[in-house]
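Input: structures, listed below.
There are two complexes below, and they share chain A, which is joined by chain B in the first and by chain C in the second.
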Partner chain A sequence: MPDNPVAPPKIKAAKKMRDLMTTYYLEALGAPENNRLVAWITSGGPVEPLVAMDIIPVYPENHGAMIGSAKMGEDLCAKAEDMGYSGDLCSYARSDIACAVVKGGPIGGLPRPDMLICCNNICGTVLKWYEIQARFFQVPLFIFDTPVCHTGYSSEIAAYVTAQVHEYVAFLEQVTGKKMDPDKMNEVGRLSYEGQRLWQQVLNTTAHKPSPMSAFDAFFFLALIVTLRGTQIAVDFYKDLIDELAQRVKDGIGVVPNETFRLLWDNLPVWHRLKWLSDRFSAHQACLVADTYTSAWCGALKYIDENNFLDSMAEAYTRIYLNIGVDQMAEEVLEMVRFYDVDGLVMHSNRSCKPYSFGQMDIMQIVREKTGIPVLMIEADMVDPRSFSESQIETRIEAFMEIVRLKAGRK
Partner chain B sequence: MIYAGIDIGSNTAKAALIKDTTLLGTRVMPTGYHHLKAGTRVFEDLLHQTGLTRSDVGAIVSTGYGRASIDFADKAMTEILCHGAGAHFLDPDIRGVIDVGGQDSKAIALDDQGRVDNFAMNDKCAAGTGRFLEVMANALEVALDQMGDMGLTADHPSKISSICTVFAESEVISMIARQEKRKNIIAGIHDAAAARVAILAAKIRIRDPIMMTGGVAKNPGMTAALEKRLNQPLIISPYCQETGAIGAAVLASRP
Partner chain C sequence: MKEIVRFHEAVNQPRETAGRIRQTGQKIIGYLCSYAPEELIHAAGCHPLRLFSSGHDILLAENHLQSYCCSLVRGVLEDSLAGRLDFLDGTVFPHTCDSMQRLSDIWRINRRHGFFADLVLPVKLTTPGSAVYLEAVLSRFKADLEAALGTSITDADLENSICLFNQIRTHLSAIHEFRVRYPGRIRGSDMNALVKGAMIMVREDAATLLSGMVVSLQQLPVPDLPAKRLVLAGSVCDSPDLFDAIEAAGGTVVGDDLCTGQRWFDSLVSEDRPPLAALADRYRTRATCPAKHAGLTSRADHLLSLVDRTRADGVIFPMLKFCDPHAFDHPYLKECLEARGIRSMALEIDDSRQNQGQLATRIETFIQML
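On to the complex of A and B.
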């Protein structure tokens, strides 16, 4: 196999995004000087009311991803373990808890929060994690509790979560001493909806063959829809990115030279091994065209009323991918297998992320039975490199690709 | 045409030569530190043993953890494909393979043509591998090759609850301190290791008949424990250590 075929041109928007992220973090770090408040919020949390109240949202999980990508996870996780936290605890939580104390990591720690917003639609770990940080920083904590929708969104769940939307707004008004402006809230809601719609469009471009970008690119471009959701900045950026990707499609540029196999990724990225994994698959002319992770930031679009964001937000934030039943998750995976026309599924059994990894065996069986495509399971951790065995994973990828090649040849 | 397979495992290096559907010979030796030297040596010894020379061999496939070190091989392939091909070569009816080697264990599902359909491997942990048994044999001061028979004589198998090799070792040491019978502890060890391997087989819903390969298949206590866990008999590969090398030779014969 050719080891070094001509690399396709890089996606130009990447530089722009780095600049935007730098500006965003500088603004957050300079918040006290500008009399602005900072809220730490969970990645799947309802951020729009914060933006509407001019509070800067900061994401410990995005910070965790940065720590992982910068390969600084091992030291910070070990530090948290020194502090007495279990090695079985999520590596985002461990690195964030350690970072708050030692001010380490790629940006010297996150700006000090004035409040914490914790939504448990992504996991239960965040509850204790945010309680710990609320005690450490001595700041108020708001918990937005979203029951798991195993089979659907019942009227009881709707009433329960909707009530919390109002409590949430009241909490923000109390902390800031300001009233929320409903017009501003509607505007932010529209921008959030628009940003998510555009993000979905970005992801959809990879249905083209060859794919103009890969899931590894999506992991990177994701940062804006997470951190700047509800702003014009995110909307403008994704419009430009879509144009660039459309041009790549038009020019027939594929991100993996001689794309022969298309794969779907499940679970969070292995942040500390993105390049290594990308190279391993590219060497087999395989492109990870899509993933179940980045689509979480547009998967609930169907529940949002763009003209009445605040009221529809309860359902949209409750029915996200990680907060639904395994059968429904499998349905979404099957839909992606069809839409992106993939030859195989790669599942990352993530030692850190229990809600994401639990149920993967069932989803694996369902996908194999309904589509016949090969499924690979690799054990790793999104941030902590100590749970990664290079030679074992390399062997598994090779064997998996041998099977993918065999099966695809049979088609 | 004659084809060769070389399997560099964590403990032993294996070589096999085939001609069409006939197995001409196999050879096993310790791997040691130097993978290429071990591979060269085991291959040349096998040529000598079968009265052949390198020029008689059409193609060579290397496999196992040291597969990339064998620079004179035409191709390197994973041990998963090789064990599948080897088992199919030895018995075309086989639909499942359980391979327990020195540092990993795996379950492989084969389709009706003997091609690998799915597989599962142990995670980054030695539980359920040959290394696990070695560590335990050492703690119990029993020769590895006597462990199997001794375990089969157990009257009341001990229960090992730890899945981690290091923790299981301390559990075994505390059992020794409590003067539990050695044969019972061994039976408990076999069951604990078999339980780990059986999970791999269940993960991919392996079908029978199942062939067991890898050095650990030589341990009758372990195979009995696995048969009990899987609730079905296993076909022990007549070349359990060399099945991967045989499969590599089979794959070398394919264009």
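On to the complex of A and C.
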């Protein structure tokens, strides 16, 4: 049984991060007063050209995560259902569509967009969602169409997406009425690359035993690489965070007291149960050290040319984790199992995210066969808490941890 | 009309139909989507056969797809895993929705029905770049087929196939037009069987039979059968019972925006252009699946014009449970119809054939309100 060990010191950078996010949202909300344009963009979308053209990028999906964490998802999702949207649709989309109308949520709704940038490298849902918002706000929509690379990045796909990079720049030039400065673009591209490289380094620290932070921390610290990618702010912040994590490693501080078991998380977080889930696993001295979700914002580093960002952007944005075949995703999971030396895999079967969740069972099978580690699948939703059964999931976690304990003991 | 029997047979016995075709030495390539380039498959000397779920209980597919996946995707995977599709020599997956995208991966990883191809078509159909890409995808598929079969598809082969498929489309459109003009003369379940059957049976036979039907229709007495005129809008409509329930309640279907309906047979492939370019053009300009983008109002514009053209009294949306693209469009389409004073109703459907009584009651109530 777990004793009651002293909680480790909190990661200090968290406060800084909250301040940065507050500043970011205040700036976005004040955009009209400062004659700045606002673009809504999908989480995996090519943000760098926006930054280079001084347009403020705003992420409805980050907003969705905030709504989920603030436990405001149920009301907003229900509101969308009153508007006629099926309760089976993505809860990010439902809460955002409702929020645009009722101006609800933790920050009273996002600032009104001047344009919408939809990159479908994460799902087909964003296309429908952004069509709805483009009709609602009556603003131009740019679709950055990244064909799925089931088995590879073909020459046709390369030519198609590369052509769209130029169409995208032309679109932005038309909406803003000004030319893109190539030097500024290069600088933003370099900062984006640097930010992603540092983010990868942040995530890599959890390979250390005990892990200085957990996937739950990564879910939180992720916000900057999503929203402020391509800025000096993100680069500076992650440098400080790496220093702090390195110090924790040096001091032997693990985020889970007496870390005994290490687990890998798959799929988006269950935003409305972060602490609950973290506590459940911690009670078993189990640390969720890594996840497939937060690494998506540095997984395409290998395709980026930091000195020629714009030209390498097509491939980097097309070959992201979700836009590849299930077998390739399984390969990446296997690589993470090895790198982070985990004892088990926890898969969130997320009713809101079909491209992430369908195929999980095949990945589960592959992981079981190739590594022998136990796999737990829990069905939930990232924002909408209505289908979440605490007692059922707690029982399943208990049973899973028992198997992890037995298997790890045999190692 | 006696021809209809053949189509019902093909729909009700796809395995037997496929078995007979295979005996002639032809290879069978399955597909699940109205964007599959059947003409290319046919020109390669193969038989294109559209797959529908047989509606068997989901047992084996439970190990691959969660319960919140639509019954079409789960059902077809179940059929594949259970060996009910062993007649296939190959499968092609045009990119449509997220569920199909992952079904393609699972299919590729788990089963080998021989030849396999993903056609990752563009999602956005409105730009010159996407037109170039679309043609390149078709060209790649052509090359893949040629390599797999050790054959070459000439322009003449493809033009012949295009001509044949255009005949099927033309006949189906003519039959459909008759149905719009004289509602109630052709049962909805029969029309549904004609369309689905033409996706399953030997296409040359389908063209001949349909052509015969068009001629017979001219001689048919056309009594006035008053009925409420309805348009159906949705994805796959795989439930003949739906049509029967509509007719039992005094309604008749005069038009549809379904991928097992007019979206599949309306609009021809140009026979005056280079064949691959002509195929690509049709996909860009035909009525769109909501998983694709042809403009912010294109689907509403299409539906409203369909309602106008057919003088429809109301619209029914058969909604396949867990079909995201259609579920996202529904509130907007409903609102556009309301603005024109057209009533509509959404009906959740899946393969399970449950709640037929409830379905009939809802349809009856709706039709009475019109």
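Basically, the second predicted complex is superposed on the first by the 409 of 411 C-alpha atoms of A that agree within 3 Å, B and C clash if a C-alpha of one lies under 4 Å from a C-alpha of the other, contacts with A are read in each partner's own complex, and residues count from 1 in each chain.
By our rule, a residue touches a chain if its C-beta (ideal position, glycine included) is under 8 Å from a C-beta of that chain, and two chains touch if they have at least 3 such contacts.
These numbers come from a predicted model, not from an experiment.
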Which superposed partner A:E398 touches (first chain B, second chain C, both, neither): first
Chain B versus chain C as contact partner of A:E379, first or second or both or neither: both
Chain B versus chain C as contact partner of A:S389, first or second or both or neither: first
Touched partner set for A:I143, first chain B, second chain C, both or neither: second
Which superposed partner A:K179 touches (first chain B, second chain C, both, neither): neither
More chain A residues in contact - chain B or chain C: C
Contacts of A:K10 with chain B and chain C, given as first, second, both or neither: neither
Partner chain in contact with A:K275 - chain B first, chain C second, else both or neither: neither
Contacts of A:K103 with chain B and chain C, given as first, second, both or neither: neither
Chain B versus chain C as contact partner of A:M361, first or second or both or neither: both
Where chain A meets both chain C and chain B, residue numbers: 361, 365, 379
Contacting residues of chain B [partner chain A, same complex]: 65, 77-81, 104, 115-121, 123-124, 203, 205
Residues of chain A defined as touching chain C within the complex: 83-86, 88-90, 93, 120, 123-125, 127-129, 131-132, 134-135, 141, 143, 145, 147-151, 154, 156-157, 159-160, 163-164, 167, 325-327, 349, 351, 354-355, 357-362, 365, 379
Touch list for chain A against partner chain B, complex: 361, 365, 368, 374-375, 377, 379, 387-389, 391-392, 395-396, 398-399, 402-403, 406
Contacting residues of chain C [partner chain A, same complex]: 63-66, 68-69, 95, 97-99, 101-106, 108-110, 118, 120-124, 127, 129-130, 132-133, 136-137, 140, 290-291, 293, 296-297, 319, 321-322, 324-325, 327-332, 334
